[in-house]
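Chain nomenclature is as follows: A, B, C and D, assigned in order of appearance, with residue numbering initiated at 1 for each chain independently.
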Amino acid sequence: MKYSVSCTLGYEVAEETVCLFNLQPSQFDRQVLLGENLDLSGGREIDRFTVSESGNRIFKVLAPSGKLLLKYRADVDLDPLLEDPATIKAVEPIDLPLDVLPHLNPSRFCQSDRLKAFANREFGQIERGHGSVTAICNWIHDTLEYLPGSSHGTTSAVDTIIDHAGVCRDFAHLGITMCRAMDIPARYVSSYAFRLDPPDFHAVFEAYLGGRWYLFDATRKAALDGLIRIGLGRDAAEVSFSSFFGKVEPAEMEVAITSPGRGTEVDLTTKAVSLSER
Amino acid sequence: MKYSVSCTLGYEVAEETVCLFNLQPSQFDRQVLLGENLDLSGGREIDRFTVSESGNRIFKVLAPSGKLLLKYRADVDLDPLLEDPATIKAVEPIDLPLDVLPHLNPSRFCQSDRLKAFANREFGQIERGHGSVTAICNWIHDTLEYLPGSSHGTTSAVDTIIDHAGVCRDFAHLGITMCRAMDIPARYVSSYAFRLDPPDFHAVFEAYLGGRWYLFDATRKAALDGLIRIGLGRDAAEVSFSSFFGKVEPAEMEVAITSPGRGTEVDLTTKAVSLSER
Amino acid sequence: MKYSVSCTLGYEVAEETVCLFNLQPSQFDRQVLLGENLDLSGGREIDRFTVSESGNRIFKVLAPSGKLLLKYRADVDLDPLLEDPATIKAVEPIDLPLDVLPHLNPSRFCQSDRLKAFANREFGQIERGHGSVTAICNWIHDTLEYLPGSSHGTTSAVDTIIDHAGVCRDFAHLGITMCRAMDIPARYVSSYAFRLDPPDFHAVFEAYLGGRWYLFDATRKAALDGLIRIGLGRDAAEVSFSSFFGKVEPAEMEVAITSPGRGTEVDLTTKAVSLSER
Amino acid sequence: MKYSVSCTLGYEVAEETVCLFNLQPSQFDRQVLLGENLDLSGGREIDRFTVSESGNRIFKVLAPSGKLLLKYRADVDLDPLLEDPATIKAVEPIDLPLDVLPHLNPSRFCQSDRLKAFANREFGQIERGHGSVTAICNWIHDTLEYLPGSSHGTTSAVDTIIDHAGVCRDFAHLGITMCRAMDIPARYVSSYAFRLDPPDFHAVFEAYLGGRWYLFDATRKAALDGLIRIGLGRDAAEVSFSSFFGKVEPAEMEVAITSPGRGTEVDLTTKAVSLSER
């Protein structure tokens, strides 16, 4: 399925600043980049690279003081794998691949080490697999209020449980945390999300099950088979659409995703969605 | 109903230390002290007073370095009020008495200010009254594991939610916190608890409903109509059976409560228990 | 010295709400109320009381939905005690009066139980007394940035240490916390503050030393001998100029204090200031 | 300089458990492994691998229920680079290599995002470089008490600041956190440490300065030029000498390091020590 994604980001830059942008869809077999374009005004691209560990693609920009405006667009062909959730079991620890193991560790916003008793008491009776991660997502959806402005950049999964509210980033962090607490590897995903309303970047998570990474979205706000993956990482500390080494204020932001050819919907309550094995 | 309570507390005192003990049943119309006796060895009683605000009764002891041994016993006549829970509604804010208002405030271990959204989302659909506090207690009982050693002196209600485990102190703090978050005044109660197994001091809480304070115990470990009240306060920061201004290590502790005349049991699932109006 | 204080507070009330206001100077021997006046529009005063424990004076107001406007003014004669700081020692625990003891306990925003090692390591070498509390205030002043907007209603002393920033409320909480961690009773004070710029309500704290409560202000923003005391309590959880049982948005606020007769200044670096023994 | 390192680790295994051990010195140009030996009883080695990102070397062991005993020894030739600290400046953000960037992010135990104001206020006046990281270490050394038992597995840098106490792990986490808050990349290092008393595994940290990683030890307990590096990672969440997927209790532990040929000491107060560029 073909998608067009785009974003416009404007900033007020107070002093010359190095900026890192991660807005570009990553490249892998089920997500093929057909073309892309970056327009910059008020800054100069000084590097463009791909992080080997994650595949995240980065623009490095040097922005003088003044207004920085960035317009990016890309065309992508997405071919998500759809499978029967009932057949997808958790991988036993002895069989977890080496490069998947770090996604069992607690991280800045996902303190899974503190939530082992919590997770076991809430989800320990369910067989570990796609169904138990779905149970985690259902619990998150029922527990949290989706409330823009209810969290901020330092909010962690532990805070979110107490707040009982959050945005997509917080829903994803809590899902990752509960999975890891159940010895299921999980990682954070930033994306363009088809039919997300209002349009914005979207955060979801992936859990490692049955030898692949499967997508989950506890917010239930976007179609899992219409997610164009941008960044991967342990949590939002590693996945940010923009990072600055200087004083910068956001001024405008617009995100869009379209798919003219997309027609009838898949019933995703009966399908598990995966984009990659690694 | 008559009860005999007693405790033996032993300490190793490293240097001359001022000690405050609050082991004595408090005195009020429904709990009448028939007699009491304190034996001290290795220390000297220097004062004995009653805190006017709470009615808590305090022994002030000066202990030289060495072994301090304290044996206390008392006989008490207890006459709890038993009522139909269905008739007990929350008091509207406009009608709350002046001296009850402070028990709506957050306190050291009961951060009700952070849990308003949580409480409203979990319990907001239930009519505020004895039934909604019972719902809070049921939720605590189902959520937390009662696990000796799982918490310590600085553990607060927010920690307990994350830990999903605690002891009677933590169960009480969480109950108090949820009540206050729902605008129901609540306070911490230390006690001798009939049929608590193993015997120990016990912490429960009281909520202010229908013009009186009603007892609740989310641990379900003791009979609410057999609680001999020792101390009252906002939370455990104000109610401690012992406080020391110096280096003191606990060495032994034994608590007992008996009631020879006590016979057939009241079905407390159908009765609300109250000890006092103030 | 005579002072005139006043405030205007406006609110948008979404639904009928019970409001408690604590804007009135409290009454005691060194602070005599000469006269006061309250104008209310959009609400009805339903009670006026004084909390016995603290002396805090409360207006209870019932406000229908709509605009609530409150104008209060008072004339006060203030006679602070000024003493030589070098002569003021901490009170030994054995000599602390009964009603002072609760101010050693940790409270919602002042987790002194967690900061005993911290306080001892930072301030343990200084003889406990007016000088050690001044050392605490100097440390707070040097450590924290005074930054409006850097904290919010749930910010506690532990947070403030990490944030290294705060407003008068946070400076007072941190001072109280360190005092209690050093076994010096301390309490929170709200006030009208002469020469505070810009004019606003001001929070400071009192420490119990040498048999009296002495004022301290780690912000160094107001003259300690020109503070008209409004409310006392363990911390801001107990002292609030307004509390609402309903949905209310603040719309306007203006605070003023004048003293036409006030002339030459006392050098407060050489004087300790106290308003009361109890 | 040649070193021999060894450790003996014993466990009680309650049920068949997958174990990961990271006890082996890592291999790189300045640290050459001359030989090593692993003896296992009560378990079976099922894999041995090196993590590509970190170079950490892992033994994967399957242990049946019962006693697991592991004896490891290795001979290593270590050639640390010694340089003049005064010449080592921080790398400007624009010049940081791609694979170093993740070490600027906050992590589970190093919440550098919350400590930017703190770090800037305490260390912002010092030119960023080897000297400013040494200033951070001096501050940690002066602030914290080294106190075995004062922290536990979930203790983070924010907790350590409040506790004012910790062990090597906590000292390293706080150093890493302050460096990252100052935009200096930093990472966690586990090691065998020459002359550490009592002998044990030791945690220190590395900061990225002047194009290399430099070692720092805020505990001042071991000679920086005698550290045999075992594991690297963002913090202790990624670097653990043992991890278990099952119920395992530690039973014994012994760690040793010797260097027969090592003679006169380098004055490390005048030398910066680095083991690697990457």
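By definition in this document, a contact is a pair of C-beta atoms (placed from the backbone, for glycine too) under 8 Å apart; a residue touches a chain by one contact, two chains touch by 3 or more.
Computed from a prediction, not measured in an experiment: that's the story for all the values here.
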Given chain B and chain C, the chains that contact each of them: none
Inter-centroid spacing, chain D versus chain C (mean Cα positions, whole Å): 46
Length of the line joining the C-alpha centres of chain A and chain C, rounded to whole Å: 46
Between chain D and chain A, distance of the C-alpha-averaged centres to the nearest whole Å: 31
Of all residues in chain C, the ones touching two or more other chains: 114
Chain pairs in mutual contact under the definition given at the outset: A-B, A-D, B-C, C-D
For the chain A and chain B complex, residues of the former touching the latter: 114-115, 117-118, 121-122, 143, 145, 158, 161-165
Footprint of chain D on chain A - complex, ascending: 18, 20, 46, 49, 51, 53, 58, 60, 62, 93-94, 98-99, 101-102, 105-108, 110-111, 113-114, 153-154, 183, 237-238, 245
